[in-house]
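As written, the chain order gives the labels A, B and C, with residue 1 at the start of each chain.
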Amino acid sequence: MRPPVTKAPVKQTNHKKVAASKNDAAKGKVKSSNDAKTLKHWLREMLLIREFEVRTMQAYQNRLVGGFCHIYSGQEAVAVGTIAALQDDDPIITAYRCHGHALARGMDPYYCMAELFGRFDGCAKGKGGSMHMFDREKHLYGGHAIVGAQTPLATGLAFATKYEQEVIKTSDHTRVTVCYLGDGALNQGGFHEAMNLAGVLDLPVIFVIENNGYAMGTSVARGTTLADALYRKAESYGMTGHLIEEGMDVVTVHDQFKKVVDETRKTSKPDLVEIRTYRFKGHSMSDPRKYRTHEEEEKWNKQDPIDHLSHDLIKAGELTQDEFKKMTTEIRGEIRDVVKRASEAEPPPLDELYVDVHTGNWGPFKGTTLPNMLRGDNEKTTDQNQESH
Amino acid sequence: MAREIEFRDALREAMTEEMHRDERVFLMGEEVAQYNGAYKVSRGMLEEFGAERIIDTPISETGFSGLGIGAAMMGLRPIIEFMSWSFSLVSADQVLNNAPKMLYMSGGQFGVPIVFRGNDGAGGQLGSTHSWCVESMFANVPGLKMIIPAFPDDAKGLLKSAIRDDDPVFCLESERLLSLKGEVPEEEYLTPIGEARVRRTGNDCTIVAFGRPVHFALEAATELAKSGIECDVIDGRSIRPLDMDTIATSVRKTNACVVVDQSWPFASIASEISAQVQECCFDDLDNHVHRVNNDDVPAPYATNLEQAMLPHAGKVIEAVRSATYNL
Amino acid sequence: MTIPITMPRLSDTMEQGTVIKWHVQQGDAVSSGDTIADVETDKATMEMQAFDDGTVAEIISKEGDTVDVGATIAVLAEEGEESSTAAKAEAPTETDTQDAPAEQPEVIEAPSAEPTPEPVAEQSAVSQPAATPAASPASAAGHEHMRVTPVARRIADDNNLDLSLIHGSGPQGRIIKRDVLQAIESSKENQAAVPPAAIVTSDKPTEMAQVVTPVSTTALVAGDHTAALTPMRQTIARRLVESKTTIPHYQVTMKFNMDPLLELRKSLNDQLAHHEVKLSVNDFLVRGCALAMADHPDFNASFGGDHILYHGQVNIGVAISLPAEKGGGLVVATIRDADLKSLRLISAETKVLAEKARTRGLTVEEMSDATFTLSNLGMFGVEHFTAIINPPNSAILAVGASVQLPVVRDGQVVVGHEMQGTLSLDHRVIDGAMAAQYLQTLKELIETPTMLLV
């Protein structure tokens, strides 16, 4: 049985051009382009990610989560805002800090948490872990653990959508691939090769730099040229670079990103978007954050995207304190329940060791099966690799 | 009906037939389109299929191998040509992490039905960086398949199977074999991946070889037969899956085994086969398994040094004589 | 001067020996000719003699140790020399010093003042090997140098081949498939015909290299256990398989009226009782067999491949079983010139040899050079059996008990004693009629036993 999905599909009903200047957010006004219901939904999503990550940290400390674990807290506006600007079948792909994207894309938090706990119910049957959130049904092509490795893959996703549309005509609309990467990935060769290929081949892909200021412990300025204007790197590859400076404001992120997506969908040309944001926690669970000052953290904490939006909604009279408290309590209960269920879930059976190595059976290998997340009452997904043409 | 065609034409026939059969198949790589292929394998394919399906890339192995993997995750069936497998090293993360492990990492959600193919092994005086035999290093990784044809008919049949395979398949070709002519059937056929082929039979020694070294093995066997030593020559054809049944059956008959492998000896295909033969045929062995590998040195440039480094029939003969106590 | 005592070569085929028992200990004085140790060879347990006078300075090989022939197993100090100095001097790195001897005992005694408790693990480790029987190290040593390829071993197992008899042609003597196949081939030839060249003319195992030994391949089940072969058991196994598989055996049986012989024996024993002489039936038979040789020289012969060797002496081998506590098995003691010796002498010699065989073991000489063998199981009540020829003999007589039963004598059924004797013969030397004639002669001698007295 699948627990209720927390994310309702976001309808891209509002095509009104938004004057998305950085001042809009600072004014604390709710943008007229998004109705209150949508905004409350985004708030809820950001709260869900935040609470999920709090419990993830707790579970990590309780040894329920192993390995590397990268917390998304602080960057919620990016995942929620950008994904809200996409169509449901636009492929997205990201790096290792991927819990937020998975949840924003609508992955049930239970499957996400079960994956963190290394349980068979996890989205990757407990074989991927924190850095490998995949959801084929939601067109999430993974968290990828090697810095920058997802960028060439993204060109492939975009290439395939274009090929399906233009060559084999199995798709009747343009799908925009969104590839998330951190500022650290900018310095990997693969990123530049991917940018170049996307430019040369005119691929409908948007590279989204989530610039949280640090590649692990190395500040952008120490590791990257054009540190104050990463988006300008686009010029080298003949594409347009965009900056979304107010990356802590989900409304701004959404509205500005939506314009880029619309443009890409129309032209089928790649874009690079830099979104300024901040991770509230360390690079990973073991990071003491010695490279950041307390003052800097304080400054960014004041821009907490959740506080930001809830404050605006309350101020605009769209949300009461009680409603906000109730929402928070509900989500807390929901995630507590998720943790409980995930901690009680079964680990993968030992047989699973030899499943999914190859698609077929040979030697010790036992073919491949879909995770429970894609089974049950959601049997509608067919295995793309099994189907024959 | 069969006709004689070159190895490179057999490869091209495999690709064109499969591209006609399945429009999800496309060919991508450096110089595959307008240049007609650096080694003329894809000659004429641009005219036949157009620039949408025969796609030139910049010199950007990480980029285009990753692109192929991403496209395969979406269900396309890319053929990614490496001008040389030596160049695949710059895309090692894509080739070795993403292609073979994606199905596993994603818990069965995303397979990568891709073919990587290109020249493997020494060309002629190409020096250390361009003479890579990647089989030993790459075959170490679970999740991929690896084929290494030695004759045109297998080149075609195996490559067709590879394109239809749902797993990532690494097809290792040899620059030195591309002009080799051989009989290839007119009618369509597939060569199953994972089945070795016995190219010659004999009771005294089993010679296992892959790719170009199969020819050294056959040459050696012909020479050895003159002194009464008869060899089974097994053309492995696939490295993963490895057809140990055929090898073991032969070793149980001959009680002696020589493996000819063009990669370096340390932790090599030959080492692997030695280990497996000793695991499954221990009580059948009359001598330790003998290995004929590249010498354990970087490929030199000078002709004489390069020849001294590579496996050749003379080394195989010596190994068989030693393995059969006929020194 | 110190004198190393080395592992003696006590048989022609001996390459290693096991010290079974030391009869001397460090500090004991020995004289030339003294028995100082019992040594087990591949054939038997033998006495080892001292060849010099002196004092035992050091015992190097412990009881149970198996060492190569020629290895130093003890050190003897010559008269007038301190044994401890001698022991030290024997060690190659030591230089001669004068002060050591007097202090030596003290050094040895010193630690005993304080009872140091040994760790438990050490104690048990010490106690285990202390009682190691002689057989196991010896048999382990036998396999130490054998190199065999896996397939050669498998084929040998499948064909019940004894690998120890196969010469390895591979590197470092490794037995390879080819060697085993050749051994199978040659054993087939040996069984199929009588190829003269393949026939063994002496008891040297090196010349029996290609002999096939049947072995059990049955898997062990609960309750089963294995025991390593003693050198003697190995020798029996090898030699008798070789005999049975390479000599074309056949048997001829005859019954003997034993009444006259038993009567004569009783009479003689009664008369000689005060001389402590007690003749056995076997003594009469030894004498009878020996005398019959004079008329039948073919029975005192050996097959020599392309010739037959007629022996100048009549040496009758008497099979003696050894008690289980001595490891069991059997040896053949030789009564030399038995045709020239009186019954009384034969009897005395046999008794001495049997006693020695069962207690201390026979010397090689006492077991060598038999030209005909007598095997008697009569004392166990056995009536009839056949024996395997003891190479290089051409015949062996297997005799059973003298049994009381109704017999026909002079047309009357009466109670009498009969004994059955069965000759096993090498057909390459002795034909059936010759065997019958020999038995006829023997029958006359036995049934007219006074013939045996002259």
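Before moving on, here are some points about what is shown:
Note that in this section a residue touches a chain if its C-beta (ideal position, glycine included) is under 8 Å from a C-beta of that chain, and two chains touch if they have at least 3 such contacts.
From a predicted model like this one, the values you see are computed outputs, not experimental measurements.
Identification of common neighbours of chain A and chain C yields B.
With centres computed as the average of Cα coordinates, no chain lies farther from chain B than C. Here the chain at the heart of the structure, going by C-alpha means, is B.
By the count of C-beta pairs in contact, the leading chain pair is A-B. A separation of 89 Å divides the Cα centre of chain A from that of chain C.
Taking each chain's centre as the mean of its C-alpha atoms, chain A lies 40 Å from chain B. As a whole-number value, the distance joining the C-alpha centres of chain B and chain C reads 65 Å. Shared interface positions of chain A, defined as residues touching 2 or more other chains, are absent.
Residue positions of chain B in touch with at least two other chains are not found. Residues 149-154, 169-170, 176-178 of chain C are the ones touching chain B in the complex. Chain A meets chain B in the complex at residues 91, 93, 122-128, 132, 134-136, 141-142, 144, 146, 149, 151-161, 163-164, 166-168, 189-190, 193-194, 196-197, 200-201, 355-360, 362-363, 368-371, 374, 384-387, 389. Listing the residues of chain B that touch chain A in their complex gives 22-24, 26, 52-53, 55, 57-58, 60, 62-76, 78, 93-94, 97-98, 102-111, 113, 142-143, 145, 166-167, 194, 241.
Partner chain C is touched in their complex by these residues of chain B: 255, 282-287, 325.
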